[in-house]
Amino acid sequence: MLEVSNLEVAYGSITALHSINVRVEKGKIVTLIGSNGAGKSTTLRAVSGLLKVRSGKIQLEGKDITNLAPHLVVALGITQVPEGRMIFPNLTVVENLQMGAYRRKNNGEVKSDYEYVYSIFPRLREREKQVAGTLSGGEQQMLAIGRALMSKPLYLMLDEPSLGIAPLLVRTIFEKIVEINRQLGITILLVEQNANLALEISDYGYVLETGRVILEDKSESLRVNSLVRESYLGGA
Amino acid sequence: MSRARTILGIFLLFLFLFALTGERPFASHLAYYYDILINIGINVILAVSLNLVNGYTGQFSLGHAGFMAVGAYAAGSWSEHLSPGLVNFLAGSNGVLTFVLQPFPFLQPFAFPTAVADNLALIVATMFGGLLAALAGLAVGIPSLRLRGDYLAIVTLGFGEIIRTLILNIDFLGAARGMSVTGRYTNMFWTFGFAAVAIYVVLGLVNSTYGRGFLTVRDDEVAAEAMGINTTKYKVIAFVVGAFFAGTAGSLFAHYAGFLTPEGFNFFKSVDVVVMVILGGMGSTTGVILAAALLTILPEVLRALAHTDFVPAAQKAIEGVIPIHLPPLQGLLENRLILYSLLLIIMMLTRPQGLFGDLAGSRKRVTSSASK
Amino acid sequence: QIKIGAVSCISGPLSTFGVSSIRGARMAIEEVNAKGGVLGQSIDLVVDDNGSKAGETARIARKFLSQDHVVAILGDLTSSATMEAAPLAQEAHVPLLTPTATAIAVTKVGDYIFRSCFTDPFTGRIMARFAIEHLHARRGVILIDVKQDYSIGVSAELGSFYRQEGGQVLQEFSFSSGDTDFRAQLSSLKSLQPEVVFVPAYYTEAALILREARQLGVKAPFVGGEGWDSPSLISVAGKTAEGSYYTNHFSPDDPEPLVQTFVRAYKTKYGTAPDALSALWYDGAGLLADAIRRAGSTEPAKIRDALATTKNFPGVTGNISVDERRNASKPVVVVTIANGQVKMVERVEP
Amino acid sequence: MAQVILFLQQLLNGLSLGSIYALIALGYTMVYGVLRFINFAHGDVYMLGAYAGFAITNVIYRFVPLDQYNAISRHTFVPIFVCTAIVMLGAMIFCAILGMSIERIAYRPLRDRPRLTVLITAIGVSLFLQNMTQFFVGAQPQAFKQLIPVRAIEGLGDLTVLSSQAAIIISTIVLMVFLRLIVMKTKIGLAMRALSVNPTACSLMGVNNGLVISFTFALGSALAAAAGILVAMDSPSITPLMGNLPGIKAFVAAVLGGIGNIPGAVVGGLVIGVLETMVEGYGFPQLRDAIAFGVLIIILLYKPTGLLGRVEREKV
Amino acid sequence: MDALLKVDRCTIRFGGLTAVSNFDMSIGNRELVGLIGPNGAGKTTVFNMITGVYQPTEGQIFLSGDRLNGLKPFNITAKGIARTFQNIRLFASLTVFDNVRAAFNLHLKHGPLHALTRGPKFKREEADIGAQAMDLLKIFNLDRFRDVMCKNLPYGDQRRLEIVRALATKPRMLLLDEPAAGMNPTEKGALMTLIEFIQEKFDISVLLVEHDMRVVMGICKRIYVLDYGITIAEGPPDEIRRNPKVIQAYLGE
């Protein structure tokens, strides 16, 4: 279980998170929704160790991982698909995937994982030798997810995976997220603007607003919550 | 801007009065401080003008000393060779003016008093130096525009070295022997006058819709072009204006020092100016001015320190307490570059955003939404 | 206390030379002070560093004149730096004595400017004459360090005098101080088959030039100027320095007790043998102290007059007299390197 | 015929001069490739490498008088080889540690800052190293004692190639291949390349950025040390300022070849070396720097990312 | 109808890859047209060709009959085409206000000398530009951020600021590359209204690339569909929605 308690994070003088609590049960899909600047990405960054936590605690299976260096967080099995994709533009597609598997030793397993990633995103296989910087936006998003899978995480945090993705593929990606969760047993923390889809596939959801959790519940309950419907589901 | 202009006006007036009261007596008693002040003025011109290129337009130029050299040698040889010929042609005993004035003997006493003539000579020479340097700026600017970052840096560095090598081979300019400039016309008024003009031009350009173009080139060339901004033109203008003022600084230096050597304009001189710009905080004119002053004064402070007994005394004290034998630490001070470099490192580590520059600091890459 | 300002390049690219120079000057003044100073006062040598930067020497001269109120200025090391300070000293009527600036123009600045070394043309002429008369070499090449005014100055006169005396300059090659690879020039040079190679440059480059020339198989003898004089020339060039000649102020094998004491004292103090720069600055500083003593006053104008009438000052670089152009006139020696030692070949009186 | 030989000789001279630039440029390019900043202190690490080698050699001379050996033969091979290896390794380790410490102290705190900021500290470090060295060992040139007997290689007719030159050329090529392999074929090389564009993303892949950067500096500095010693063997006069000029030239070489590109550094170094030599050997010796830079500028204008640099079309 | 923008059989290749081939498009005055297609279909590349960032390998582009090939991006903007970027490219060190004012540079009547002399003409124009910039910001409700550094804006606002900036160049043709990306459904709804509003108010044509079908279908009158650089369909939204090729390649189901 990944547990964030009373987390407070600031960018200089601007406090971005005011004491938030988030629990991600093992094996579940948990989603964070909220409008722009709510603090969703900030939460993920803090968990990954990219930001200094001002106060509060982050625990992984009872172990305190607050302010741990990012590479050590990854070593413990938490991988992030960051906002803005952050693929390595000067490396080829394969090399990007290799970077994903950076901490892994077992070559046989890694090999079969390439195949797995390519089976999810066949486009990547077509572009295998292309320099990633010249990929289209959507292709880059696929690469970012594929790269994260290569690290064989226990916990996968996805920051807006549907951003800039064609509708057909959005559905695919969400299906794959569920698949990854079910088949590989990877726990997922999903940040999404597309709240509809996110709540559809997740078990539990948090609604963030200006750095605070204003609502949390089972996903099916959130989907019928009037506040959520009005503000995040476009009133649909 | 208007308040700044008032301050500027008062400042210039002050300088002008100062120029009128005559600075020779002042200079002879405090010649050393006078020298430092003049050098501050010259360095301010150099740093502020380089800041237009490096700080505001985001082009990394390492050849400012080259433009300064062009200005210095052009202005110097103007005063030494060209101008006397011209003056002779106009006002010499067989000159045009004499010929014209011949029928009017009563006009002849109204020749220029020397003070006026000196100042005039300085302006003309300085404009000449500035213009030639600007021309060099154009020559470097246009072809270099295809280049970015470190590639541009190397080309500008190369340009500076080429200028230096050429001067080393032109006998007319004295080659390695150096060139004497007899007219030491430079004074406080013109040095700070030109510094003020440089500051005014750079700030005036940048603080306008027109000049915002420089900043957009720095931030994002692709977006700037997409907003209809001719990035090429802006870069060339930055180079030309920067070079012009470097040239004027060169001329002021030439007419102050009275002696020029190619080695005075080597790569390390360019680096000195770059250090001022970065320490000042790129794109912050106030910071850059302060940095120019600070970096001119600092070596002198270290020089003064080397003459005190402080260090040997401290050493004796230390050796008294701990039984070790250190090499004479006074040498640490005598070689001022040791302390200077240390201070440089410390300043950068403690104030990486520059003395004042909020810009350089805020321009650091953030992993936030901007990169989405 | 009597203040003398000394300015040289203690840091920066020319520090190799500047450090030596100041060591020499310091030693001279310390010796004078140890003997009770002059006029009953000790001398305070105010040392300042120009960082090998243009413009700094002028500032230091202004500081000497307006802040420290020195009675005389010693320096600078290079001609170009001295040219910055000379007009200021002249204007202020404070004598300036440079122990090493060899360009003719320096002492032409005015009657307060002196030098205690040879001028470039003089050195050039001695080198040329030696090659013709002693080596009977009429086909020569010159290697010039274009970055050093010293090198340019010497080679100009050297070339024209050599031609005048019937020699033929096959080609002039150039390099820049700081270079370590001279094979391009030396390969071309070798193909010209010269009878003598002139290298009017500093020992830093000359040593490497000798090495590389011999390695490439250049057989002709090399002739240099006083810029060669340094223990490190022999230690770097090793055997390849054998049989080369250079003009010098003095020869360390000079049995003259004055020289021997100096060399010994210098070694004890600094751990290395002195080079020409140390010796010249040692003499320069000594000469100034002597002039003050003879002037019997610390008035700059009187010191100037005393300097102008210097006759046979016994320096380690020879007996120095000051001529009417305020240049030093002193004997020059031509030395050769044999078995790792410097040997005198010829002595030319002024 | 003599003209042809002279030309070949000049070409060889140029290649050996160029190899020196290339050797130093390799370290430059290596650090640049990862951190995207010009490590101005590299030339000074090179200088300190030479001084470290100088010190070790002097110690070795107490036990083995290497200058007694006039040639490499069956008897002398082992002592010469062993001693040279000791000197090399010692200096390389010294510089590797030095390089890592410089990075730790002076560059790391500024890692999130614009690159130009770090450039200034690098200049500061460079000045500091030069002048401290001068303070401790003096400004006078020191004679680097002989390690390998330097003599002309036989059997080349009228052409002269010295053993030291050959050593430089061979080392340059070997080191280039070695570095290229590290960067392109190993995991840490991959991490270096990834780090160069996005350190944050790199750490999210589980890479210990600090370690990779330290490694890069260690490697680059060890290379500089090797270069320092090789050059000192060839022209055995070392001074505290010896890193300045080659440092700039190597920087130029690295940019000419396409900065960050390892074979590019070598190509750039060789081009500059040959160019300088030819200009000097034929015709316009005084204009050497001007012409070298002039050609450099023309090449860059024609190919704005250097000879081997990849033309990176920015995807908008 | 005389087309405002006409793309005539444009092809562009990157090395071996043909990113867009034989692309034809014509957009009339005051038209709101969509360009959709799977990721990597070549939509952004089409934008880049039109705006001169890339030169087409083959084919020609016209704006009201003027040929645009070979022109620099800023020339093309001067002719009346403005764009936003898929990856936000604001001027990071400038404030919101200055970002917009910078884009007025194009229509500036004064030059560097006026900027230095600061005469009345200069002052008048500066004031005028300031007022116009504020008007634009008000339309987008960004005026409250006037002096905020643009990189500190929330993401959605940055996207909208890009549109403001593009409008400041006074275009006749506006190209929007995924303006709704990263917005939630409510914000997207507001953006749709806004796009329609500015299209009318400024009397311009808009070419819109967007992956959110609600947005595209909601406001575009005509849609082009690209797949692998080839146009697979063109027509009004209703047709496109039902086109089996489009469903198969892009929409799904």
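Each chain gets a letter, A, B, C, D and E, in the order it is written, and its residues are counted from 1.
To be clear about the criterion, contacts are C-beta pairs under 8 Å (C-beta built on N, C-alpha and C of every residue); 3 or more make two chains touch, one makes a residue touch a chain.
What you see is a predicted model; the values in this text were computed from it and never measured.
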Set of chains adjacent to chain C and to chain D: B
From chain B, which chain is the farthest off, judged by mean CA positions? A
Higher C-beta contact count, B-D or A-E? B-D
What is the distance in Å between the mean C-alpha positions of chain D and chain E? 49
Find the geometric centre of each of chain B and chain C from their Cα atoms only, then give the gap between the two centres in Å, rounded to an integer. 34
Would you mind pulling out the distance in Å between where the CA atoms of chain B average out and where those of chain E do? 44
In chain D, which residues are in touch with two or more of the other chains? 131, 134, 200, 286, 288-289, 313, 316
Would you please write down the residue numbers of chain E that are in contact with two or more other chains? 14, 44, 53, 85-87, 89, 154-155, 182
Show the residues in chain A shared as contacts by 2 or more other chains, in ascending order. 37, 50, 82, 86, 134, 163
Enumerate the contact residues on chain C facing chain D in the complex. 11, 13, 15-16, 18-20, 146, 173-176, 178-181, 183-185, 187-188, 191, 203-204, 207-208, 211-212, 215-217, 230, 232, 235-236, 238, 272, 275
Can you list the chain D residues touching chain A in their complex? 187, 190-191, 193-194, 196-198, 200-209, 312-313, 315
So in the complex, which bits of chain B are touching chain D? 54, 60, 143-144, 146-148, 150-151, 153-155, 157-159, 161-162, 164-166, 168-169, 222, 267, 271, 274-275, 278-279, 282, 327, 331-332, 335, 337-338, 340-342, 344-345, 348-349, 352-353, 360-361, 363-365, 367
Spell out the residues on chain E that touch chain B in their complex, using ranges where they run on. 51-53, 72-74, 77-78, 82-83, 85, 87-94, 98, 101-106, 108, 110-112, 114-116, 118, 122, 125-126, 129, 149, 151, 153-155, 158, 165-166, 168-169, 182
Touch list for chain B against partner chain E, complex: 1, 200-201, 204-205, 208-213, 215-216, 218-220, 222-232, 237, 283, 359, 362-363, 366, 368-372
